[in-house]
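Same chain, two partners: chain A is paired with chain B first, then with chain C.
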Partner chain A sequence: MKIVLKIAWRNIWRNKLRSAVVVCSIFLGIWAGIFVSAFSFGLNEQRKESMIRNQISHLQIHNSAWLDQKEVAYTFSATAVDAYLNKDPRLEAFATRTKASGMVSSAHYSGAAQIIGVNPNAEAALSHLEEKLTEGEYFPEKGRNPVLIGRALAKKLEAKIGSRIILNFSDGQGNIISSAFKVKGFYKDVSSKMEELNLYVRQSDLQALLGLEPVQVHEIAALLKEDADIEILQQELQANFPALAIQSWKQLSPELAYADDIMTQMLYIIIGIIMLALSFGIINTMLMAVLERRKELGMLMCVGMSRTKVFSMIMVETFYLALLGGPLGILFAYYSVWQGSKSGLDLAAFSDGLASYGIDSVIYPALPTSFYWGTTLLVFLMTLLAAIYPARRALKLNPVETLRTI
Partner chain B sequence: MLIKIAWRNIWRNKRRSLITMASVAFALFFALIMRSMQLGTYDQAYASVINATTGYLQIQAPGYWEKQSLEKSILQSDSLQAKLLQNAQVRALLPRLESFGLLASAESETRPGFLRGIDQELEFEYFKLHEKIVAGSFPTPEQSAVVLAEKLAENLALKVGDSLVIIGQGYQGMSANGKFLISGIADLKNPEANKSTVYLKLTDLQELTGAYQRLSALVVVPENKNDLSALKQSLQSQLDAQDYAVLIWRDMMPELIQAMEADSAGGLAMLFILYLVIGFGVFGTILMLTSERMREFGILISLGMSRFQLALTTFMETSFLGLLGVLSGSLLALPINWYYHVNPIQLGDGMDQMMEDYGMEPIIPFSLDPSIWLNNGGAILLICLILSFYAVASIYRLQPVKAMRQ
Partner chain C sequence: MAIIETKNLSRLYQDGDHIIRAVDKANLQIEAGEFTAIVGPSGSGKTTLLNLIGGLDSPSEGEVIVDGKAIHQLKDNALINFRLQHIGFVFQAYNLIPVLSAQENVEFIMLLQNASARERKSRAQELLKAVGLEAQMHKRPAELSGGQQQRVAVARALASKPSFVLADEPTANLDSKSTEDLLDIMHKLNQEEGITFIFSTHDQRVIDRASRIIYVEDGQIKENH
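Now for the complex of A and B:
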């Protein structure tokens, strides 16, 4: 066997250019394939993180009727849930919200508005609303009816800090409430659609206008420290509060959960297709290597080299080529993904489109380590499969006939 | 003669030629399926959004699109329309007035809605609006009634024959409140529009908002959809830039286009890697083909065949190889693309939600645009041609005596 390994090693250097072409194609194919995978994976992770941190959180609790119709009347009392969540160490942050949908208008513009009544401190901890402010103050103590609006909406309303805007919404009893709010700050969001739609007011102000008690809320959103706890806590809450609807981010945003689920599959499909393309080149090259050495192989068999050895020699030659190209490709890919994850790739050209997708224009490629191992395994599996045909072909040679041909 | 030789040369080593062709065919097959799916999705998305929202081209007041406020409206003018209609590229001009209001009904809460005042006859003729009706009908000329989008009607719990209350803000800060009979319900084939649109007669909306004789936009129906920027320029030259701006749908929906372009760029990156890998495979074949025939080339040159003839033969041989691969790849992909063009894939699970977020129907129709075939087939053929210059170069470098001795 040792001899076979040695011969095979020497054989691949007999035609350097040809071997180099195969090694290069494996190397580049793997490198580029992994990098593209890391890019898509990173993009998806970023989108998920951004959606969870900025918009949906890990868990949301509503009155079960709210899921069908988001009506003002469908509130629930936050007291019990609040007490339950407060003493749970698994929670990173949670906040209660009161919501109303209606219309915002100034002298210059009027448009649809989602009015979100928040508890300033809790909201700052949960969705980092305070850090998103680009101008103004975050719910100052003084002053009536403060509101925070998105930059995009501010532009449309032509509002400045201190401007008054009118919010119209229904109180749930068939009355339209029209109330003046004072713009105290502008926030920025990755998505300009969100900036236009969402307005943040003090929860107590909104509750008063809607005629609700301070404990009556529409939503509690919670962020957990560990992803693994999400479903456990969801079940615990559901058991404790059967009347409420407890939803995890997977139910709140099925498309996000779906993208998350199929991501790994997608990555393996990408790599698989590249491997398939690679294997065509490998089969062809090795087949040629066998056929052009017909005479030599016949001679080897005539002088007594067993068929098993001939077969394994061809297999080992192919394996060597993969051994040179594969790991090199994976190492380069690992390095470039690592570099990319530090500096990020700026896709400013697509920034608006990405923003509507919920992500920043700088993408940080990332890949789970298991994927590298999976790819390595796949490379060697593919190489061995591709080598079988040429190696079998070598076995079928008739030693006497091959010696006779020129 | 040379062509004949080249053709026969391909079949001298059938197996190798077949594997090379198969690799080319595989790459093209995959490329065609993927691009056909991607581009088909984009076309569908654009068409759905364009038809349900802006149309291909609009003439607006400068700054209207950023603000979308009645204050930035234009005056309805028959002389202007007559002048623009003289442009041979303009098929029709559709006046529209768009505004925003809160919608209320007896049965449910208020909801924000998008009011669109239209000239019914023109919208029927050019946008086939009447075909979208699922219940009732558009109002008769004497009637003052509205048509609701399907999802909106469902959310408001309204049927044909009920009445709709609109509370909004009109021109120059006037209040715009009114009550209308619902004469019909329409499915606009665009999820976003289906959730919010109310169609009113142009005159009704002008009266409601107090924007008498005013329009948000003139929607231009072009003779030819493919050269919109030329039409934009010729229209702009006919109009005073101070009072009118001409916008293409691309100007009005940069987010949608960028999201599509980012997606498309991802697909192109994948194709690039695939072509790279296949290119190496083809190069390997050409390399072998040249090196195994060195002796033959030497003899032919010694016998008096010109190097040019020989190079041309080899060049043709590799081109045929590429061409055969391209042809078989295209033939393989054609039935699949055709099938999914006629029977688009219906999306389920979470993907449908994602598409709806973009305002598209959750189906993936494949595109049969011949340019997909031309571009990808052409790209692969070009790669084969460039690579075959290796064979050409080695024929010109060849020293006959040395080659024959090998």
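Now for the complex of A and C:
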């Protein structure tokens, strides 16, 4: 076997340029494939995290009837759940919300609005709403009916800090309520649609307008420290509060859950397609190498080298090419992803488009470690498959025929 | 005792509707220590006869017995192994492994025979010395002249300690000086060490040195003396 390894190694350097091109194409293909995969994975993770942190949280608790019809009347008492969650160390943050759907209007614009009554401190801890303010104050102590609106909505309403806007919505009895709110701040959301739709008011103000008791809420949203605890806590809450609907983020946003589930498969499909293309390059190169050396391979068989050894030699030559390009590509990709995950890739030029999908313009590539191992395995599997055809061609050579073609 | 014996040996090829008898009922016996030239015009069947004797080609009819073994009955892998152990080959175009040095080319055959590193090295050096290439042992084929490459090929052919060496037109690509040098070496090996050489050749200089001439025409052995 030693001689096979030795000859194979020297053989790949006979045509340095050709081997270098193959090694480079394997290196670049794998690097690009992994990096694109990391970019896609990072993009999806960011979108998921953004959706969870900004909109849906890990768990949401509602009155069961709220799921079918989002009526103001379908509240529940937060007291018991609040007490339960307060004691749970697995929680990162949770907040109660009161909601109403209605219209927002100013002298310049009128449009649909989702009015969300929040507990300022709890909401700041849960969705970091305070940190999203680009202008103004976060629910000042003094002043009546403060409202925080998104920048996109502010632009449409032509509202400034201190401007008054009118919110119209119906209470639990079907009465239309119209109330003036004072714009106290503009917030920035990753999604411009969310900026246009969601308005944040103090929960107590909204409860008073809707005629609800302070403990009556429409929603409790919770973030957990560990993803692994989500389903466990969901089941525990459901057991303790059977009348309430406890939903995880996967139930609240099935499309997000589906994208998350298929992401790994998608990554392997991407890298698989790249490897398939590369394997044709490898087949072509090795086939050329075999056909160019027909006479020599025939001579080796003439003088006593078994067909198995000739077959092995071509397989080993192919593996050497993959061994040079593959690990180099994987290591370089690992380094690129690591660097990218620290500094992020700023796609400011596409920020508007990305924002409409709820994605920040700075993308942080990321990949699970298992993917690198999976890719390594895939590289060698594809190399093995790519090597078989040229090696079989070598195996099928007739020594006498090859020598006759001198 | 004959080391090579052929009985009614034929090799037929189909060419459209015609059957070509490249070797036609050849009966031959070659004794150990002979320096035999198989001669004849182009297309007469010299190389085919040599290929059949060397187990590189399968006969359509007849028998090839080498060292008492009916090699025409051997399967592919057994035949490859038989060639490795019993037959040395020298080709017209040298056919050295370009990525190995002269010494490594000679050692290569012994590696296939699983000889020890020490044995390989000493025998390779001894053989290269015998063919006058002591100073070129570590050079690759591309760094050697045609004559030198063919001498490496002779050393390689002898490396496995074969029963005989088959040489197909070994001087066809060599100049006069290289041809003479090569023939001197092979003749010396034949005379002093009793190595059996069988050539197919057109070259009168080879024919002049041969102890026996087998004349082949239209696949048939016409003269044998």
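To be clear about the criterion, the second predicted complex is superposed on the first by the 406 of 406 C-alpha atoms of A that agree within 3 Å, B and C clash if a C-alpha of one lies under 4 Å from a C-alpha of the other, contacts with A are read in each partner's own complex, and residues count from 1 in each chain.
To be clear about the criterion, a contact is a pair of C-beta atoms (placed from the backbone, for glycine too) under 8 Å apart; a residue touches a chain by one contact, two chains touch by 3 or more.
The structure presented is a predicted model; accordingly, all values stated were derived computationally and were not measured.
On the superposed chain A, the two partners chain B and chain C both fit, without a clash.
In the superposed model, A:Val303 makes contact with chain C only, not with chain B. Of the two partner chains placed by the overlay, only chain B lies in contact with A:Val21; chain C stays clear of it.
In the superposition on chain A, contact of A:Ser170 is made with chain B only, not with chain C.
In the superposition on chain A, A:Arg10 contacts chain C only, with no contact to chain B.
By the touch criterion defined above, A:Tyr84 reaches neither chain B nor chain C. The larger set of touched chain A residues comes from B, when the choice is between chain B and chain C.
In the superposition on chain A, A:Trp338 contacts neither chain B nor chain C.
Note on the composite model: angle chain B-chain A-chain C, taken at the C-alpha centres, equals 90°, rounded to the nearest 10. By the touch criterion stated above, A:Leu276 is placed in contact with chain B alone, chain C being left untouched. Once both structures are fitted on chain A, no C-alpha atom of chain B lies closer than 11 Å to one of chain C. Once both structures are placed on chain A, no chain A residue is touched by chain B and, in the other complex, by chain C. Of all residues in chain C, only 51, 54, 56-57, 76-77, 80-81, 83-85, 89, 91-93, 95, 97-100, 108-109, 111-113, 156, 160 touch chain A in the complex they form. Put simply, chain A touches chain C in their complex at residues 2-3, 7, 10-11, 13-14, 295-296, 299-309, 399-400, 403, 406.
Listed in rising order, the residues of chain B touching chain A in the complex are 13, 15-16, 19-20, 22-23, 26-27, 30, 66-69, 71, 100-102, 104, 108-112, 155, 167-169, 173, 196, 254-262, 265-266, 269-270, 272-274, 276-278, 280-281, 283-285, 287-288, 291-292, 349-351, 353-354, 357-358.
Taken in their complex, chain A has these residues touching chain B: 15, 17-18, 21-22, 24-25, 28-29, 32-33, 36, 39-40, 69, 71-72, 101-103, 105, 107-113, 155-156, 168-170, 172, 176, 192, 253-259, 270, 273-274, 276-278, 280-281, 283-285, 287-288, 291-292, 347, 349-357.
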